[in-house]
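We just call them A, B and C in the order they show up, numbering each chain from 1.
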Amino acid sequence: MKPIQIGALAALVATSVALGAPDLAVAQTAKGGRGSAAAPMAQDAQMASKIRLTRKTPAYWEVTFNNPPLNVVGPAEVRRLVEILDQIEADPNVRVVVFDSALPDYFMAHYDLLKPLEESTGMASGPTGMHPVPDFMVRLSRLKAVTIVSIRGRASGIGSEIALAADMRFASREKAILSQFEVGAGFPPGGGPTARLPRLVGRGRALEILIGADEINGELAERYGYVNRALPDAELDGFVDKLARRIASFDGQAIADTKHLVDQASLPPDAESQAGWDAFVADVQRPGAQGRVTALVKQGLGQPGDLEEHLNQYTAKYPK
Amino acid sequence: MKPIQIGALAALVATSVALGAPDLAVAQTAKGGRGSAAAPMAQDAQMASKIRLTRKTPAYWEVTFNNPPLNVVGPAEVRRLVEILDQIEADPNVRVVVFDSALPDYFMAHYDLLKPLEESTGMASGPTGMHPVPDFMVRLSRLKAVTIVSIRGRASGIGSEIALAADMRFASREKAILSQFEVGAGFPPGGGPTARLPRLVGRGRALEILIGADEINGELAERYGYVNRALPDAELDGFVDKLARRIASFDGQAIADTKHLVDQASLPPDAESQAGWDAFVADVQRPGAQGRVTALVKQGLGQPGDLEEHLNQYTAKYPK
Amino acid sequence: MKPIQIGALAALVATSVALGAPDLAVAQTAKGGRGSAAAPMAQDAQMASKIRLTRKTPAYWEVTFNNPPLNVVGPAEVRRLVEILDQIEADPNVRVVVFDSALPDYFMAHYDLLKPLEESTGMASGPTGMHPVPDFMVRLSRLKAVTIVSIRGRASGIGSEIALAADMRFASREKAILSQFEVGAGFPPGGGPTARLPRLVGRGRALEILIGADEINGELAERYGYVNRALPDAELDGFVDKLARRIASFDGQAIADTKHLVDQASLPPDAESQAGWDAFVADVQRPGAQGRVTALVKQGLGQPGDLEEHLNQYTAKYPK
């Protein structure tokens, strides 16, 4: 636990409040509208650098998580993600989007559990009518463009959930660590892995991942089908870039029509994503979860250090 | 084939009859009720030692099959399993249940084909309205507690089916042998693998397992997704115990809610389990199946020895 | 590109036209009937040698693709396949059918894109009411007999699709190359892999296979679950033959009933196969696809040579 980084975290909280998130949410509700590129937050240069959108070519975009120290995602980051999603949906030329991280040790630690829950639950619904988190996940899956996630470092909680909602996942064999730690913290994961993992890896391995709530390294993630493949770390970036450029060279209508057919065969009903979010919100407020989360926060949750690096061990140490 | 063990088998048959299974079934039907801890059989110390329930902690239970020589399961054993299931369902504190075997070579050979079929078909329905075998399987899957099966030795027929109906399966890499041998004996498997295996390992591998009806060793079972993982035999018990204790330390509501969400995404409809049982009962009575089963019994089915150790070879030797 | 083989291809086109496919199609429509063993084409010795049916025993049949140089399948070959399917459906004794290739380098290159599209779209519907291609695929999956595909060499497009519609797939570890190249050529695959692959290998790997549209070798195909297993080339034939003989020795009713139960749990709805075919027909006529297909034909598509051996590279080279 390094004081300077606690400071950074506090600054992040202050920034978020200063951005007027609740007001924005109210405004959106009043319009019945959705986060758009014109919203004030969208122009925030700081947030745009934290989740960076790069148009490598008109057909090939890259979204890079660059939100040190842990790439934690909270309400402000969700709004930025929705804004990027809006842009992908609106551009007929983009055919492939790669999601990666600029931080070597973290693809994304997890959702921000330090902010008041109301900041999250109070967000205006997205176009599907669902809360922005499940809304983002189901819209991400249904994009006409293909989405590829490149995982290096830890992808826990919402990091794993974004990976699962995307189309393909490739992991560093040596440096990727996936996990859905939530049950260990006293609540179910809310971003849809309960719907997606069983369809991807089968019920048995899904239950192990979700309820064992332990670390899954790159090699095991491939063996389970949690990721498409685990590649040697030195080859990961090149492999993903080559695949993305290959797909970007293909015909957009052929891609979209093929993906739509696969969607019919494989996407979970939206109701399951909604149910997952509802279960998360309900359970995270229960005393059982509050006790565990508080204990984890006291030990360093949300800050770089031993707890985040061994969250799977800390979740197992809660005194009964 | 060792005479003393044939004797043991005969004794087992006698015991079962003495327990008055048909009367019990009638009584249950009259009440419209279900097997409960108060039933006479439940107090039978012999059966309780054959399928042993150990409360390692209030949250972590263990069910051990200890029914030598083969851990065959027939009507009496099904009643004992249902009784244990009732206890798991009724206890709000149990969060994880491990199923294992005390016999080194057999997790469970298969269903008892030596008893008259009427003893099985005449059993009173369970709370789902289905026969106790499919009823047990679907209730096992829906328990709030997490179930983990540890497989060492042969898990054939109903042994494989119980493993598939449980939440997670771990196998000894050297000593586990899984199989659904039934098609080789002339009838479809009745305990639900036709519904569960395709969803777990995909249609192609499910058809190979079910219709090839051959042995699947631990390594191949992992590669196919038939089990979560195959572990070195020396590590299996420690791994399962550690995972169970980890899960037992978590919050029960978080576990139950997460499992319920996964159930929505992954459990087959009960109607498929009923259809599987019906197909088994219908086909096992056909002359084709009777000829094969009779030939297998003559050669040693249900008795320890060469046939049980090479059932996959004997099923392929039936003269046409 | 060898001139003599271009000659052979031209001869194949001429043969197909001479067979009067359109007339046959009209006749079938008028009868509301289906391709049957009595149709003129069925007696064509040349076609019977191109797709050879061998009754190894009354219970064990073999279908061998022997249509050099590439085992391309077009309307005439589809009619031959339907004719064989009719025979399998009509014979109560056949319990297992193996599909393999007599050409060492090609299981099946892909659908014939050199013939006018009308020859394909004008074919009379099959008994499911669908076009003969999706009709063949869904009927193949629902046969009472078990179907096993043995893949050596390239299985692209409809070659992969037939493999996926069959019950089990085994591949040469060294010599099998699977691919759904279609998106690279500007259109979605039409023979059902959009419905079948996601259920077999999960959404992520299915999207990679279908939209990456690249080569998948035997080893990766096994890792993904695209095939049941990849076996050393020297063992493939023996393994498949042994498995087929084993299944052929089993009871036909037990096989059919078990397969029917698995069908309930795993077959995609026919509507998805129809939708896949419709999307293929619509997209292949768009300028985007026509430009790509024309460019590929000019470079050697449908002829033995460099393009067919590296189709995955040629599809990525289309100038934008």
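Convention: a residue touches a chain if its C-beta (ideal position, glycine included) is under 8 Å from a C-beta of that chain, and two chains touch if they have at least 3 such contacts.
Fair warning: this is a prediction, and the values are worked out from it, not measured in the lab.
Q: Under the over-half criterion for shared residue numbers, do copies chain A and chain B use the same patch or different patches to meet?
A: different
Q: As a multiple of 5 degrees, what angle does the CA superposition of chain B onto its copy chain C give?
A: Superposing chain B on chain C takes a rotation of 120 degrees, nearest 5.
Q: Express in whole angstrom the distance between the two chain centres, defined as the mean CA positions of chain A and chain B.
A: Roughly 39 Å, centre to centre.
Q: Which positions in chain B touch two or more other chains at once?
A: Only 199, 201, 225 qualify.
Q: Touching chain A in the complex: which residues of chain B?
A: Spelled out, the residues of chain B in touch with chain A are 146, 167-169, 199-201, 222, 225, 227-228, 243, 246-247, 249-251, 253-255, 257-262, 264-267.
Q: Looking at the complex, which residues from chain C come into contact with chain A?
A: 182-184, 186-189, 194-199, 201-208, 210-214, 223, 225, 268, 272, 275-276, 279, 282-283, 286, 288-289, 292, 315-316, 318, 320
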